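Chain IDs A, B and C follow the sequence of writing; residue 1 opens each chain.
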Amino acid sequence: MAKTNPGRFFEDYQVGQVIDHAVPRTVGAGERALYHALYPARHALYSSDEFARGCGLPESPLDDLAAFHVVFGKTVPDVSLNAVANLGYAEGRWLRPVYAGDTLRSSSEVIGLKQNSNGKTGVVYVRTRGMNQRDEVVLDYVRWVMVRKSNPDAPAPDTVVPDLKKVLSVDDLVIPEGLDFSNYDFTLAGEPHRWGDYEVGETIDHVDGVTVEEAEHMMATRLWQNTAKVHFDATFRPDGQRLIYGGHVISMARALSFNGLANAQMIVGLNGGAHANPCFSGLTVKAWSEVLDKAKTNAPGVGAIRLRLVATRGGAPFALKGEDGKYLPDVLLDLDYWALMPI
Amino acid sequence: MAKTNPGRFFEDYQVGQVIDHAVPRTVGAGERALYHALYPARHALYSSDEFARGCGLPESPLDDLAAFHVVFGKTVPDVSLNAVANLGYAEGRWLRPVYAGDTLRSSSEVIGLKQNSNGKTGVVYVRTRGMNQRDEVVLDYVRWVMVRKSNPDAPAPDTVVPDLKKVLSVDDLVIPEGLDFSNYDFTLAGEPHRWGDYEVGETIDHVDGVTVEEAEHMMATRLWQNTAKVHFDATFRPDGQRLIYGGHVISMARALSFNGLANAQMIVGLNGGAHANPCFSGLTVKAWSEVLDKAKTNAPGVGAIRLRLVATRGGAPFALKGEDGKYLPDVLLDLDYWALMPI
Amino acid sequence: MAKTNPGRFFEDYQVGQVIDHAVPRTVGAGERALYHALYPARHALYSSDEFARGCGLPESPLDDLAAFHVVFGKTVPDVSLNAVANLGYAEGRWLRPVYAGDTLRSSSEVIGLKQNSNGKTGVVYVRTRGMNQRDEVVLDYVRWVMVRKSNPDAPAPDTVVPDLKKVLSVDDLVIPEGLDFSNYDFTLAGEPHRWGDYEVGETIDHVDGVTVEEAEHMMATRLWQNTAKVHFDATFRPDGQRLIYGGHVISMARALSFNGLANAQMIVGLNGGAHANPCFSGLTVKAWSEVLDKAKTNAPGVGAIRLRLVATRGGAPFALKGEDGKYLPDVLLDLDYWALMPI
């Protein structure tokens, strides 16, 4: 019997199945520094323990997206090793900050299955939870991927498509315990713009760009223990290119969004996201944002802002889709998330 | 007098000479994260403090190979700066795990000398010990290298070739104090295969491949404070290529071997190793293993497994040497080591 | 109103103006490991907590240049985002070591302004202070940059050129509290040469070279949260090259200077520095030093040595300027600093 992991195929999933993913991970000062080395991350709450304490937290947490990548990476061997495409995200919530010394693990439940009409592939929906060493859920989200069948003759399962929220409401969001922006230091944070200064519909060109190198995205992807071959192996694709992990583009775009959204400190909700076009080494990633919604929260001084974050490979800002309704070729990422901002 | 280190030449060594190597090094959370960023390392005992505690250790140690690289790196300015080739390893033993906050230093004793018949080079055998801040030996191993003579007319020393064990027996191995695999969590570790599931003679193709970039291997080699010029300086070789530190290939292959050997958790013995062919940036490293031996240990639930680990640049798995008895051109590394596995 | 930071232009500065820079930063084990991965850093006091304790410090501090880069990086969005050139440094002093867990922030005072005769640019002089979480100044230095005017018709300010010391005297230097080289371990430090072994006028070729990769300098520059576009964005320059942050060259040269100056442990003064020619990926950086001065200090066993550190892209050592008084094309950096060395 082969001892290596062939990954699961479409016919290996059943609705209700729970998969406990392998390789728990203790995170700390090293992951934090590497995150700052890999992305131009400058949000003060994740850069300075003192700033985080000034916001009511015990210290600076691991970047929310780093926590996401760690939880996500664990799911790859079980969920997307034979995936053809990562189709979408929904109902993502950050429930608890991750601090240095925490150990994360992941578990996924299959919540939907739909075989494609070609009979060769199907869509698998999973709800993934990331837990810390106290079994507290730190993060959960739904993801759906298109997965190959190993045996094309395997019977199609009953179609179950989960009913997912298009957008989380502010009441779905969990504000980290103790978070308080009443004495927020805008000077140290880097920009004067508060929640009240942003208007729904407003767009922001984040101006800066970062050219991506192979060594960088591979180091990032390994750091999150994401095992998808296509990110590491130049012999995997006929054109010799390595496909950059979509999460690398998310983190790059989010870091670039500091310039204009320096006070969108914590990410608490992920409404959806599409990796519109593949990203490869040598491209220069730029980003723009659009304010989609705003809401007050019960936490002192804390407002919620819903943002569209778009990563491009240098196209004109604010252009997203063509007349055919499809993403423009320059668009890499279209992400819809909730962040917390001082009111 | 020149103040820079010219390195030692063959005639500078005497049997019995002890060299205390410079630049002690405190390791910690940063080295651990970098190890995970540079290699696709997933062995749970080195990834999770919680998992390590479940195996009877106080926390997750530094990867055994990282400890090896740190100890090894210190020897380079004194042993292999003028080396023509790294010829072999023997009798390597990991005696004690290295934890965050430990400070490592190295010392080598010259245990053999043999001038080559050309009169221009000779073989130097050293036994190197790595010590922590409590003067406990954490690692020792024998290495032999071919070193240039500075003065071809220097007299040949008496030939002393140490009598080295071809293979460590299980009684030579030191099991870390407290190690206990009785309650080993195979789900979190990533694979169900236990010691009893492996047969002597069995071969495993680890399937995955990683393409190596210049920035990655140079960062690794610097991190271990290995000063061999050929790894960093594109002007050093006529072809402009940088030779990748052999230890980088070892770590890459070991990390790749997770897929099929996820439960070969701790490395405790190094029987031998050959860097069969040089590795350069742009190559895609793959790996396969062969089970060479198995033995029980006295530690609860802990078995020992002796493995051949072969790194290739993409050649067919399980092919090692040609009819002429020489390593095939695609073979980069042939390593023989003992690991510990749950029974 | 655009929410992104356009940077300041020449007419936006006034003498006496104080700018508190954004994004405080907690440093630790991760930054330390990354510093060792990015540069061939081997000075024992920064590598080993035990060695640092043997020199009277509580533990190994963050490399002095890493502290400089963190403090410097924060000034970029406010001082040099629209800079045409970084013209010089003076009166740099390290006042207190930075330890893991410290949080750094920066503040700059405009101390001089001089519009250029072309009316399009001007020189801005700032004194920058880096502070830790206890509001102790850890570092201060003067820097002057040439900055574009946004409006060429803006009136020229009164010219104020600060009176800066060409060289700090030994009395200007601050020796870290408790530093004691009486029991300095030259073997562990890596070289036997003490303060008394160096002569004013002596030159040292540091021999080794390191070829620089894009991924490395970009990771370094991001780690210091330096936001200057030209370092990251391949589309910024017409030739598609990314200009390497000058501080990356400083750290590379300083690390290379270990070979011959292993005992020049702590940097305490920066008299001046010029980035003589731009550095790009693919170049191989080499370094040489010249002893400019020596002085005793009041600390036990501690001498001060003033060094010229020159980074080249492989030119002949010890050649600095041509007959025209200009830096030779191969010279990348000419730095004048004070270090502390065992007597």
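Just so it is clear, a contact is a pair of C-beta atoms (placed from the backbone, for glycine too) under 8 Å apart; a residue touches a chain by one contact, two chains touch by 3 or more.
Since the model is a prediction, treat every value here as computed from it, not as a measurement.
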item: Topology of the chain contact graph, where touching chains are joined (line, ring, star, complete, other); value: complete
item: Superposing rotation of subunit A relative to subunit C, computed on C-alpha atoms, to nearest 5°; value: 120
item: Self-contact between copies subunit A and subunit B, residue sets same or different by half; value: different
item: Gap in Å, rounded to a whole number, between the CA centres of subunit B and subunit A; value: 36
item: Where subunit C touches two or more other chains, by residue; value: 28-31, 33-34, 213-216
item: Of all residues in subunit A, those that touch subunit B in their complex; value: 2-5, 20, 22-26, 28-31, 33-34, 77, 100-101, 103, 105, 133, 213-216, 218-220, 222-223, 225, 227, 229, 232-236, 242
item: Touching residues on subunit A, where the partner in the complex is subunit C; value: 28-34, 36-42, 44, 47-51, 60, 187-191, 193, 197, 204-211, 213-216, 259-262, 282, 284, 314
